[in-house]
């Protein structure tokens, strides 16, 4: 059953030199207990799409169109109070900047207390603290750190704490936005392993955002590739294990995966990502695409079903 | 950002433009006004007359023309205010810049000096200094500079420090450019908007403090300035006699000038801090559909 | 906790150093000026005082024929035993006793005005930033900036003229009604509040805009930070995000600003006192200036500086309590 369905989502940023369409017609679905991976270069709109779906993007953003359905409920029509209750009980997020996500003047414990109290005001203080301690143990952190301030903890510890916070109300969907890019490889692996264990135990779905395609191949069930604010390919992970179909996806594979951050990897594709302020006409990838034809610079390709659950936006490849 | 670009952006910013027009009017008044009015010191009419056709702003307790005094007073006040604002920023930039750029022991010492001057209460120190020095514009100017520089040194030091850590400055250091060149070519241009707002802030402060000192009688009370105008108004018991016209025009002028300068600074702030400008734009474009609860607004079709 | 104590001691050390600088300035200024300081200082004494008193005064300020360092020591010795000399305008009262009552009134008036203005201004600023584009955000800042552009003492003149002389709603001078005696009795306390209302109000009006704008701008910065987005994402109520996450954090830099603005606002407060003939430090200051009462002037400078330094230390303690990061 579908947990989250995003349809034709459009997100704009109002900048002094015009409207920037950071996310354009993006659609995807996440089923219960599934892991959907989103990959794309820096600036391709991954965070924007995820945060807009949760409606937590502040100024200067606005949602210019589309639908976001969570279990039959229309997120874009929710009132402020409905949104507040939906957040964290049903969907939670580990933000990209998780290291700065904690209030520097509150101890860790108060973050748990505030979060749990906001949704379960009937719980006593003792119960809340007990739960906070249990959550910290889940991510292998000693509960005595509940009394610490964020600046007293290492990056890895803060990251685990933010993950523990995200699970505080047993949500059905967890969004993880590059949860490990700021950490070293060893810590990254440990944390991902732990999250996957917890996912098996608790059964939540994950929307996992990263630069690192090879990482996603290890555990994602579905995968979407974002280029310049548009999805170019989305489908079951097996398709991608075989190398994908879209020329951009394939370009991603030609690069040797780097240990840390995939920025380097994209260098194997000639050229650089387009300016989002005035993207190229037609297919946004055509200036860098080895297969580009005349049509590609004129007509924007739409996502089309090319196999069971596999969608592609490419004039050339969907013809073959 | 170079000076030309900053100025061009200031011309397109509504607040800065309004402020510059207001300031320009006062500069004009200070430059040519004194030749267009009668002698401000001459005892021409009956004392303490309310505004009339002969004396637009009435007469002082001594029978001088208030309008002439207000116009003539702008010259000295503005001149000393701007001069002091300028000197304060130069002194602040030199001391703050040296401290921030060199770091280490020099910085420790200069920071200590800056901090000590910062915690000294300005007005009482000014009063003691001005009381011992011979009265006159030079005394006022030096007292203002001596008590005003520390704040700007602090701000400019912090800016220099963060700039000298930036890539382009580090790169220049590695390639062996001389310190003087790095400071003048790489650091100073990047401090332009900060120094502009410092200058404006310092000028506002100098005008206020100068008027205060002169009001206390620590200026040369035979000069005509906005400060001495208020000194004489109070000395001639304007409040008791009900002659409000002897202090209202001067006060309004001070406030309008200060307000104009503040507006310029609001504008410079918006230019230097794009976040402020971007958010104002967002709020304006969404016209009431902007959310205050932090949730992303949904506007089908977007806005243009 | 040890680190906190260490931090406060370090700050105390700094303020002591600043105090020594002020004391030294007080000693140096008369000596650096053109002319014989003793001549200038006691010019107005002539005829009123016996030579013996003049000699004693010279002692107090170290204006003897000894070498400079010895003069300095003499001056310090008198200072630390609480001897600030004798006032010329209130001869033969010692400066210290004149200043003591004045300081109490000043701290009462300027202190309450400052605190009211700070609390009101930062609250307004926080709300303006929270409701970007609302009435508070669009109309108040320019309006308050305009009000803040008037010199404090001019605002005081106008307010006194309208509400005191014109409408007669408020007393025209002094700190408490004639006929009441200072102490813990309600006529005196109510009277003192009544007398302080107008001067305090003018100071609040003149300084409100500064606090509001500073708070608004820090708040806007903080509202864009990740921990605010994250607090909202967690479903915290708006109230809680505003108070515990945004306003509280935005307050910290402004409290530091509060400490630094103390000296500046105090200057404005002194001038306000003069207009209202309020018997605080400002009133004494103008008396001293008019009568060229140098000992009183210098005594005022010293005590005001010490008061400001003390207040700054207090602000440090408050910051320490509110911001764990300083406890590092």
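The letters A, B and C name the chains in turn, as written, and every chain counts its residues from 1.
By our rule, a contact is a pair of C-beta atoms (placed from the backbone, for glycine too) under 8 Å apart; a residue touches a chain by one contact, two chains touch by 3 or more.
The model shown is predicted, which means the values in this text are computed figures rather than measured ones.
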In terms of C-beta pairs in contact, which of A-B and B-C ranks higher?
B-C
Taking the mean of all protein C-alpha atoms as the centre, the chain whose own C-alpha mean lies closest is B
What's the distance between the Cα centroids of chain A and chain C, rounded to whole Å?
53
Averaging only over C-alpha atoms, locate the centres of chain A and chain B and give their separation in whole Å.
49
Once you find the CA centre of chain B and the CA centre of chain C, what distance in Å lies between them?
22
Please list all residues of chain B that touch 2 or more other chains.
279, 283, 290, 293-295
Pull out every residue in chain C that's touching 2 or more other chains.
132, 224, 229, 232, 238
Contacts with two or more other chains, residues of chain A listed in rising order
51, 56, 58-59, 80
Touching residues of chain C toward chain A in the complex: what are they?
132, 223-227, 229-238, 240, 244-245, 248-249, 252, 322-325, 328
Quick one: which bits of chain C touch chain B in the complex? Just the residue numbers, please.
14-15, 17-18, 21-22, 25-26, 29-30, 33-34, 40, 130-134, 141-142, 145-146, 148-155, 157-158, 160-161, 164-165, 217, 220-221, 224, 228-229, 232, 238, 241, 260, 262-264, 266-268, 270-271, 274-275, 285-286, 289-290, 292, 294, 297-298, 300-301, 304-305, 308-309, 312
Spell out the part of chain A that touches chain C in their complex, as residue ranges.
51, 54, 56, 58-59, 80, 84-89, 92-93, 95, 97, 100-107, 114-115, 118-119, 149, 151, 165
Which of the residues in chain B come into contact with chain C in the complex?
112, 115-116, 118-129, 131-134, 151, 204, 208-209, 211-212, 215-218, 230, 233-234, 238-240, 242, 244, 247-248, 250-251, 254-259, 262-263, 266, 269, 275-276, 279-280, 283-284, 290, 292-295
Which residues of chain A touch chain B in the complex?
10-12, 14-16, 19, 51-52, 55-65, 76, 80, 83
